[in-house]
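Both complexes shown next keep subunit A, but they swap its partner, so subunit B is in the first and subunit C is in the second.
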Partner chain A sequence: MIGFLIDMLLRANDLALLAVGLSLVYSLVSFPNVAHVQYAASGAFAAWAIADRGVPLWLAIVLSMALTSIAAVVLHRAIFDRLIRSGPPVAMIGSLAVAMIAVSGFLAIFGSRPRRLPLAMEAPTMVAGAPVTPLALWTLSGTALLLAGLTMLLYFTPFGRALRALAANRTLTAACGIDPKRLADAVCALSGAFAALGGIIIAASKQTYVLLGSDLLLPVFAAAIVGGLRNPLGAFGGALIIAFGETLMTNLDVGAALGRQSWFLPLGYLPAASFSLIAIILLWRPEGLFTRKTRSV
Partner chain B sequence: MFEFAIHVVIVALIYGLSAISLNLQAGVAGLLNFGQVAFFGMGAYALAIAAKAGLPWPVGILAGMAVASLAGAGIGLLGRNLAAEYWAISTLALAEIVRLIALNEDWLSGGPQGLGGFPIPFDGVEGVRRGLAILGLCLFVLIASLGLAIYLTRSQFGRVLRLVRDQPALARSLGHDLMSLKLRMLMISAPIAAISGSLYAGYIGYIGPDQLLPFETFLVWTMIVIGGSGNHLGAVLGAVIVEFLYAGSPLIKEYVDISYDLAASLRILLVGAGLLAFLMLRTQGLIPERPARLDARG
Partner chain C sequence: MRWQLDRMTWAGAVVGLTMAASLAAPARAADQVILGAVLPLTGSSATVGEDQRRGIELAVEYINSRGGVLGKSLKVIIEDSGGRAASAIDAATKLASVDKVPVIIGEYSSGITIPMGQYLVRQGVVHINPGSSSPKVRDIGEYSFSVMGLDDLAGRFTADKIFKQGFRKAVFLAPNNAYGEGVTTQVAKAFTALGGTVVGTVLYTEGQSTYRRELEQLAKAAPDVYVYTAYGQESAVINREAFELGLNKTPWFGIYLTMCTSDSAPETVRGQTGIEVNYIGPDGGWYKKLYEDKYHQPFTTTFSGYTFDAVNIAVAAIKKANSTDPAAIRDALKQVAASYVGVTGPLAMDGQRQRAHQPFLSVKYVDKAVETIN
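So, the complex of A and B:
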């Protein structure tokens, strides 16, 4: 049981930072940015490349987050902000093009060989009877801290209030003297840094490879959609739900539950868990789970 | 070289069919289908499975069309109360489920190895003449589908769908059933993509899960954006241009010594950069949709 919880938390940890960032950007610019997951790959590759030149890992991670933030802001200003004027579908297809260009860039620069971050393997410690690596504890607490910080930022600062106001009513907020462009820059930078760290977390426990971002596309979108796509904290809930679904699928003994011989769902269908959850939840609640019809700020 | 040229033309015509199908959905009806490759896969696997079972190939083609049409109705119903972008992501997810089924159900689809070695159309014909026979068949199907698509788009049905795309609230206020219109468009256009899949499997003699990757859908999107979203002739032109670039870019390796990874990366870059350039600089594509007078009654 504890083992199940830990597996689930670790998977949620892989998705949460990305889903929260995606949701945050969507609440401001109102198109699903397919290229968002590529920031995870670029963050992981940048951290690897910088650390590979002998820079200490913590510094490489900070630099990679900063670089990815800058890339996110530049891409938003140069491309997405222009495309959105032709409507959300055009912007969405444009983000798809950016994602393809990013993948081709990773392939050209880093090649198809997977890379590992320079981390020493450490023996797992026992937490309530289940083995957990120190690395997992580090990344879990890091994510928890960041999400707590984001919550404070969103709900207890003037910046957060402006952001939520802008998401709720753009025209009115602009009329109150809040500059949407500067806020959009800030949000893109923030979500880029979050995504880079999310990618680094995955690269730290597994490895980084060309399709790291593309493979995250559907689980991350599933988490954000389940959470309601405009609600960053809902996206965190969505990440927990998707992680629960996937972990359940790998651990649930369907045969035993039906009182028959032990039988597990075929592992080949694991990626389908998140896709099916999108379909089921959207049929039941088309706007996602954690949304309210009226929002007050 | 001549055989290679025939090959590229055949594949371009096959993609052209898929592009017409997506253009009917996205260009005319405004449906953001990111799972187009699923229809292609249904046609391809239907032909392969039917041929393995010893059935004549038209049976496989018809079965694929029927399955794709039903699947089109299914994903359309899923979009009953979804916003366009949510539906787009759902279609991407459903196409991935189709690919996972192809990957995992060995008894049906041959699993990761795919299906090959089945009797193919014009099997007895040798070399270039088989290529020309297939080319003729593809050209015939393409012209027929193009005619159907242009007819549909100019008909009252197409006119109303363009209104649904541009002014959904107005269309609804005029008493149109948006859901039924979109469903009908999906059920008509999905079989066209299924035929393209059947022709592909029949021509190559092989189909596997790797041909159902989401990238294939993105490739077809690039074709219709470059050609001109909403214009079917443009969609075919886009398919020809993109396929020539895509098939031609590895030829660079003949002249410049670059690694396999770099050549693969160059291909993806060409597609992505072409798509982005047209979206930013010429959103209407090479052959823009002709604005037609709207008669929204009936």
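So, the complex of A and C:
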């Protein structure tokens, strides 16, 4: 049971920062930014490349997050902000193009060899019979802290109030003297940094590779949509649900039902199984689990 | 008028370039015999691919220092497969249609070798498999030859070694492709026949960033040995995650152990036992020295001798056929292969153009290298 919970949290940890960032941006610009997951790959590669030049790892991580933030703002201003005027579908296709160019760029610069951040190998400690590495605990608590920080920012600061107001009613908020453009820059930077850190967590515990971002696309979007787009903390709930679904399908031993000793679902079918779960949730609540139809600020 | 002139200029340039290209090609071919190779120089098997490339490099130097072939010097054009079947076929297409090579050596993974070989057979180009062992390689076709024994030969040897170490409850982990499917089936059959039990099998999807779930499913069966086989960098992830899950407290047995350990962190694979193809035949000691003199290190994997033999047997066939026509080489290769002794031992191919006898070794990973054990 504890083992199940830990697996679920670790998987949710892979998705949470990205899904939250995606939802945050969506609440402001109202188009699904497909390139968002590529910020995870660029963040992971940048951190690896900087650390590989002898820079201390923590500094490499901070620098990578900063660089990815800047890239997110620049891309938003130069491309997405212009395309969104032609409508969300156009902006989405534009972001798909950016994502494809990014993948080719990673392949050209870093090659197809996977990379892992320079961290020592650690033997696990047993927590209630489940193996956990110190690194996993670090990354889990890091994500928890960041999400707590984001909650504070959204609900207890003027910035957060402005943000939520803008997401709820753009025209009215602009009329109140809040500059949507500056707010959009801040949100892009924030979500870029979150995505970079999400990628770095994967590069630290697993590895980074050219298709890191592309492989995250479906689960991250699913988490954000199930949680209810426009609600960043709902996206975290969505990540937990996706992780729950995937972990459940992995661990479900249906051997007894089949009259065998043990039989698990072959992992190749995992996406299909967890996406069936999502389809059911969305049929039940099309607006997502954590979105209220009316909102107040 | 101006438009027409422009068109004329363009047409002239195109014709000129085409002529230049067609003139350049025969000039190059006149004093060289050119063969092709498609190897995983990048991707998860890159370490093995580099070793395969070294075997070819050594073979070309060896042959050219002894007068070349048919009075010309030998050249092997090596293309990267990236570890992907589609790229391998693209590379083979380029070698066959642009470079017009009569023989192509490659690849490594059975899942890539088989479609590439089938393509080459359709094109009438001779294919030599230097490293794939799926029993399905046997069915590629008339132009396809193997210098490495297939897994129907490895299965019994492997099962025997696992059983002799005292293991009775095994789980299998292998890539979900022609190789993984073939090898797990063969070993499981032989292991069960000996009296062992296979309590779980997981065929993993290649190229993932984590195999934690696969490992957890296998761990649930509480085996007394993990029998696995995985491509270099995928194996590195599997070994690290097994270490992080504490699964390395149970013994691990690697099929083609150097492939499994080549990219793994030493502390994650220390003490693993396994099997390997015998990479040095009874008369192959000089090749080991040749390799070590050139690269200043011991063999990184066991696969370089096989590409060395592949180039040499192709050249022997070209000499015998006294031609670089693919059909003539194929017929000569069938005759040469029956009695050819390479650095990996006698190649002795059977009627289906596959190596009939493949000696194997029982090996153990000790301190950053694989050693032979009994």
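Heads up, the rule we're going with is that the second predicted complex is superposed on the first by the 289 of 297 C-alpha atoms of A that agree within 3 Å, B and C clash if a C-alpha of one lies under 4 Å from a C-alpha of the other, contacts with A are read in each partner's own complex, and residues count from 1 in each chain.
Rule of thumb we're sticking to: a contact is a pair of C-beta atoms (placed from the backbone, for glycine too) under 8 Å apart; a residue touches a chain by one contact, two chains touch by 3 or more.
Quick caveat: nothing in here was measured; it's all calculated off a predicted structure.
K.L.:
Quick one: classify A:T133 as touching subunit B (first), subunit C (second), both or neither.
P.N.:
second
K.L.:
Where does A:V220 make contact in the superposed view: on subunit B (first), on subunit C (second), on both, or on neither?
P.N.:
Neither subunit B nor subunit C is touched by A:V220.
K.L.:
Looking at subunit A, which partner touches more of its residues: subunit C or subunit B?
P.N.:
Per-residue touch count on subunit A favours B.
K.L.:
Which partner does A:N251 contact after superposing on A: first (subunit B), second (subunit C), both, neither?
P.N.:
The answer is second: A:N251 touches subunit C but not subunit B.
K.L.:
Tell me the contact category for A:I101 with respect to subunit B and subunit C: first, second, both or neither.
P.N.:
A:I101: touches subunit B, not subunit C.
K.L.:
After superposition on the shared chain, which partner residues are touched by A:E122: those of subunit B (first), subunit C (second), both, or neither?
P.N.:
Once the two structures are laid over each other on A, A:E122 reaches subunit C alone.
K.L.:
In the superposed arrangement, which partner chain does A:L163 touch: subunit B (first), subunit C (second), both, or neither?
P.N.:
neither
K.L.:
Quick one: classify A:Q207 as touching subunit B (first), subunit C (second), both or neither.
P.N.:
Second partner only, subunit C.
K.L.:
Quick one: classify A:G268 as touching subunit B (first), subunit C (second), both or neither.
P.N.:
Touch partners of A:G268: subunit B and subunit C.
K.L.:
Using the touch definition from the top, say if A:S112 reaches subunit B (first), subunit C (second), both or neither.
P.N.:
A:S112: touches subunit B and subunit C.
K.L.:
Need the overlap of the two footprints on subunit A, from subunit B and from subunit C, as residue ranges.
P.N.:
Dual-contact residues (subunit A): 111-112, 266, 268.
K.L.:
Touching residues of subunit B toward subunit A in the complex: what are they?
P.N.:
30, 32, 78, 81-86, 88-90, 92-94, 96-97, 100, 103-104, 214-215, 218, 221-222, 225, 259, 261-262, 264-269, 271-273, 275-276, 279-280, 283
K.L.:
Name, in rising order, each residue of subunit C that touches subunit A in their complex.
P.N.:
Listed in rising order, the residues of subunit C that touch subunit A are 42-44, 46, 82-83, 176, 199-200, 202-205, 207, 209-210, 212-214, 216-217, 220-221, 233, 237, 240, 243-246, 265, 267-268.
K.L.:
Looking at the complex, which residues from subunit A come into contact with subunit B?
P.N.:
31-32, 79, 82-83, 86, 88-90, 92-94, 96-101, 103-105, 107-108, 111-112, 214, 217-218, 221-222, 225, 229, 266, 268-269, 271-272, 274-276, 278-279, 282-283, 286
K.L.:
Which positions of subunit A touch subunit C when the two form their complex?
P.N.:
The contact residues of subunit A facing subunit C are 7, 10, 111-114, 121-124, 126, 131, 133, 202, 205-209, 211-212, 215, 250-251, 253, 261-262, 264, 266-268, 270.
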